[in-house]
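Alright, structures below, take your time with them.
Two complexes are shown next, each including chain A; its partner changes from chain B in the first to chain C in the second.
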Partner chain A sequence: MSVAEFVKNLKPNNSEFGLKSKALLEGKDFPTTKDEYWKYTRLRKLTKNEFYQKDGSISTDLNSIWKEDIPNRLVVVNGIYSPELSKHNLNITSGIESIAKEIPGKDEINSGDDQIFSLIGKAFAQDGLKIDLNNTKEWDELQIIFVNTQNGAIANSLIRIKASKNANARILCNYVSEGAGVGFTNSYFNLETEANANLELINLQAENPNCFHVQSVNGVQARDSKISVWNFSSGADLIRNNVNIRQDGKGCDTHVNGLYYGEEKQHVDNHVFIDHASEDCESNELFKGVMNGQATGVFNGRVIVRKDSQRINAFQQNSNILLSDKATINSKPELEIYADDVKCSHGSVTGQLDENALFYLKARGISEDRARKMLVSSFLEEVVETLATEELKNYVVRQMAQKIDLLDHE
Partner chain B sequence: MADYTENELAKDLENKEYEYGFTTNIESEKIPNGLNEDIIRLISSKKNEPDWLLEFRLKSFKMWEQMEEPDWAHVKYQKPDFQGISYYAAPKKQKYESWDDVDPEMKETMSKLGISLEEQKRLTGVAVDFVMDSVSVATSFKEKLSELGIIFCSFSEAVQEHPDLVKKYLGTVVPQSDNFYAALNSAVFSDGSFCYIPKGVKCPMELSTYFRINEAGTGQFERTLLIADENAYVSYLEGCTAPQRDENQLHAAVVELISLDGAEIKYSTVQNWFPGDKEGKGGVFNFVTKRGICHKRAKISWTQVETGSAVTWKYPSCILKGDDSVGEFYSVAVTNNHQMADTGTKMIHLGKNTKSTIISKGISAGKSQNSYRGLVKIDRKADNARNFTQCDSLLMTDRCGAHTFPYIECENPTAQLEHEATTSKIGEDQIFYCLQRGIDEEKAIGLIVNGYCKDVLNKLPMEFAVEAQKLLTISLEGSVG
Partner chain C sequence: MLKIQNLHAEIDGKEILKGLNLEVKAGEVHAIMGPNGAGKSTLASVLAGKEDYEITKGSVEFEGKDLLDMETDERAKEGLFLAFQYPVEIPGVSNINFLRTAINEKREYLGQEPISAKDFMAMVRERSKLVELDSKLANRSVNVGFSGGEKKRNEIFQMAMLEPKLSVLDETDSGLDIDALRIVAKGVNALKKEDTASIVITHYQRLLDYIVPDFVHVLYDGKIVKSGPKELALELEEKGYDWIKEEVVNH
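After this line comes the complex of A and B, so read on.
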């Protein structure tokens, strides 16, 4: 299907990058399953809908979503920053103009597979956020809630985040929807870490089951910096996550972790692309999924070690549990290596709950239901455990528990 | 050679010339270059084929015309000019009354390859069906096999003498429309091997075919069809060397295996076609479609040692259709200089309680690119399927590449799938360990490479294991002790 048809109701922003992006979309079609990086994801259920740009006003109470101890709070409604609902003491500016000079930022990584949605985001976004982080003494913490009010709302959000030299920052993003209508969230992140900066981005995707979510996180790292991204996906009818990180300097560290749960006809697709363009770097991916009902889970991890990028350690792990006989898992951990002094490995396992473990628990008087819940929780726990603080772990489990039957984090 | 370093090893590898590069001067009959319906009719009439086979060829040709050459593989090469190839070449003198009548030059070729038929006849239990440019010229042990009801002959012979079997199974595992090169092969295949093992028969010897590309500018389009009837067993060996040529030679074979209820096929390949010189000039294009189907309780085991060819594009696969069937794939792929290999397997689990094992070992040297690409697919109905995949890559220089592209698709919750892959170079600590024990660096590298490939080499039949080790030694000459 053509992109032109899909965006026919949308008004482009008139920024330079917006017009450029719009021009690039001219004559383009959406990718199909014949495209290598869309092999397992059909976009029909997204593209058959009509979407409109909507103004931002909400009636939902966000109190149950705020993580109490985070001082800085932002609310973005249908892609538009809401100053009334936000409070913070960080260096944040909004408006398309604020990011006009910053996007695409450092020459963008082109993984080639998610370009259409990034371009739609850039061409039709109504607002943008520029977040500069420079706290070198302690951690800056920020929570952003993205609300989609639906009735066919398209929320294009453009976020530019820069962590300057030696800065430490943690950003928690929640994606929620009001009510139960059809909405599309198309979020685009542009991350940059200067030398020795440490940036964490935690995404909690919990929209209603009629929503669609495509997210592109594009990061470029300078030497000795660290980027960590978590995707916790439990909502929306179709989720496609792209995390593309390029290590531009020596000694970079990249962590991309994900936990996904699907039921009914949900489709969760995680694509990770790590470009080791410099020496002495590390990357680590851990993705765990539980698929129930007729849900489909996809993991496609791609690690490239460029020529002359010596002494790289890269690891990918993808584990999946299928709970129903109609669920599907597609896993594709790829390695492309052009340097020799490397240690790269990946593992992928798919199976069901261990019958022996279930029996063990039942033999000790634990009901089948609870035993299953315990096993699923402990399976997913590994991803939660990679989060930095206990409060954060508890918070994430609490948020996910609304959708997945999880035991409390202990 | 105490101070033999990896850099020197790399240099040695680069300078190593292709050992089996020679040309046999046998007059051969060639048809004009190019590909069209008339050529196909000509090939078919030259081989005196029945109408149904001509129809099969023409239908494939029509499909091929509609197709585009695939480019998804992780290889780069100058696409062949399909109109610049002669699609049929056969030594002019086709029939020999006895072994003595065989052209002495051809005999010499065979002895250079180390497979003198006389030697083979007397000393080993291997029946050799030697294919020199598309037409089988000598077949041994045939009578002995026919006593057991085993049919082992060239494909053209099978078309004449066992048309029912050929008609029944041809194209059932690799349909004509399967892919670009399979369609091309189906249209123009020249000859190949045919093998049928009757019910309950355990083939007493290892069957073997040596393929060899000889005539300059001739693409080889082999067609192999191997059928193991219920509860039969056969071990089949395929090995290849080719003379040194400057122009690229195209090889697009199709191999179909049918393993009926309770049968077992073990298919082993040693491939050492001319890989091109160290500038990457010349070399064979090896675009092969190999696939087997397993019925109930059947087993197919692919073992391959790939050291040759400029470009390899090969995925020996198993369709595990019957319940309790088993598929195996063991592979060692060595690439050197400018070689490019994109190889792996497909395990398609359709039946219940099906099992598959994939062990792939890649070694990249020089400026080569070596990719593993494999699919494990568990169908909705394939309860209790089990797969274990291990694909390791070893990098010998800093200019080569090793890549892994696994596809794991699971639609059944009772499946248990494991996949693991590692990529690394030979560890300094491993070499240090050997040096400490008085093993010099050259031998140490040899030891490590051999150990690294052991899981696969162990799966080769005895007769082949020796040759395979020899090939590995040649391919990594100067390093393997």
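After this line comes the complex of A and C, so read on.
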């Protein structure tokens, strides 16, 4: 299907990079399962709908979502920053022009995928956020709630985050939706870490079942910096996450972790691309999924180690549990190694819930339902454990448990 | 307490239990011996409610209720405990959390308040001491990285925590050295009361020096083919099972 047809109701922004992006979309079609990086993800259920740019007031109870101890709070409704609902004391500017100069028209990371959705976001976003983080003494913490009001809303959000030299920052993003009808959230992040900066981005995708979410995270790291991205996916009918990180300086560390749950006909797709473009760097990926009903999951972990990138450690693990025999997982590592002093490992396991463990728990008097929850939660725990603080771990499990009946929580 | 009548059970179309009868009264200890593959573990699994087995005939009554009609967890809540021959490792589920969940589910089932954290921890300390289980193990994932002997002691520790009416110990003694054997037996004996009973499945008469049975049964080819006093165990140890097999054939 043509992109032109899909965007026919949308008004482009008139920023320079917006127009450039729009020009790049000309004559383009959406990728199909014939395209290498879309092999297992059919976009039809998203692209067959009509979407409109909307502003609007919201009725979602944000208090049930705010993580109490985070002082800085932003709300973005249908891609548009809402200053009335936000409060913060960080260096943040909004407006499409705020990021126009900092985001190039074509993505700077060549992940092999032509990034149609990033281009749509850049061409049709109505707003943008530029977040500059420079706290070198302690952690800056920021929470952003993205609300999609459905009824055919498309929420294109463009976020540019820069952590300057030695800065430490943790950004928690919650995606929720309200209302009837379909909703599409198309979010784009541009991350940059200067030397020795440490940036964490935690995404909680918990939209309603008739929503769609495509997220593209593009990060570039300078020397000795660290970027960690988490994708916790427990909502939406179709989710596609692209995390593309390039290590430009020596001594970088990159962590990309994810946890996903799908039921009924949900589809969750995580594509991660790590470009080891410098030496003495490390990358770690841990993705775990539980698929129920007729849900389908995809994990694709592509890692390139460039010719002169010596002393690289790159680890990747994807494990899945299928709770029904109609659920499926497609898991694929792609390692392209051109340097010789490299330690790489990858593993992929897909299995069922351990029936013997289930029987053991039940034989001690634990109900079937609870026993299943204990086993699912313990399986997913490994990913939750990679979060920095106990409060954050508890928060994430609590939020996810609202969507996943199978999670055991206090 | 337990009344098994003419029990037939099969798995994947193969009949394993072929008309088994057994009655256990409160306060009694029954030992079940028998050659490999006779159906001892099958009996234990069927009692605990493992779904892989199909019961084709017979009945099991537990404290006057139809046991076969209950879900596995319900049987446990009613007071049945199975110490597994091969305890399962469950990564990520801590021994302690799992036990507290089990105890509280049982208490809820019996209409009791949940156990307080303080009482629970005191109980953990006391009962782990009873079976000399390192208290560090209580905090680890269920059976993960436990030695063979530690797994068996963990079974008895769980039994001590859950205070069942009827416990079925499936070869809890195999793989144990003599000290561990004594410790496990001590645990079992300490929990023995007038209103509890146990079924001890074993290949070795030496366990029965420590846990003295009131009756010894021989399970062979899916049936109890011989029962007797504790001396029967000695005779079996000495003569093996061939004479019993002959007796069965000649019958």
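Criterion: the second predicted complex is superposed on the first by the 399 of 410 C-alpha atoms of A that agree within 3 Å, B and C clash if a C-alpha of one lies under 4 Å from a C-alpha of the other, contacts with A are read in each partner's own complex, and residues count from 1 in each chain.
Please note the rule applied: a residue touches a chain if its C-beta (ideal position, glycine included) is under 8 Å from a C-beta of that chain, and two chains touch if they have at least 3 such contacts.
Because the structure is predicted, anything quoted here is derived from the model rather than measured.
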Three-chain arrangement built on chain A, chain B and chain C clash or fit: fit
Which of chain B and chain C A:D325 touches, first, second, both or neither: first
Per-residue contact with chain A, leading partner among chain C and chain B: B
Partner chain in contact with A:F359 - chain B first, chain C second, else both or neither: second
First, second, both or neither for A:S367, with chain B first and chain C second: second
First, second, both or neither for A:V349, with chain B first and chain C second: first
Touched partner set for A:D341, first chain B, second chain C, both or neither: first
Shortest CA-CA distance between chain B and chain C [superposed frame, angstrom]: 14
Residues of chain A at both interfaces, chain B in one complex, chain C in the other: none
For the chain A and chain C complex, residues of the former touching the latter: 354, 356-357, 359-368, 370-371, 374-375, 377-379, 381-382
Residue ranges of chain C in contact with chain A within the complex: 48-51, 71-73, 75-77, 82, 84, 87-93, 97-99, 101-102, 105-106, 109, 141-142, 158, 162
List of chain B residues in touch with chain A within their complex: 72, 74, 380, 393, 395-425
Residue ranges of chain A in contact with chain B within the complex: 36, 40, 307-308, 310, 320, 322-352
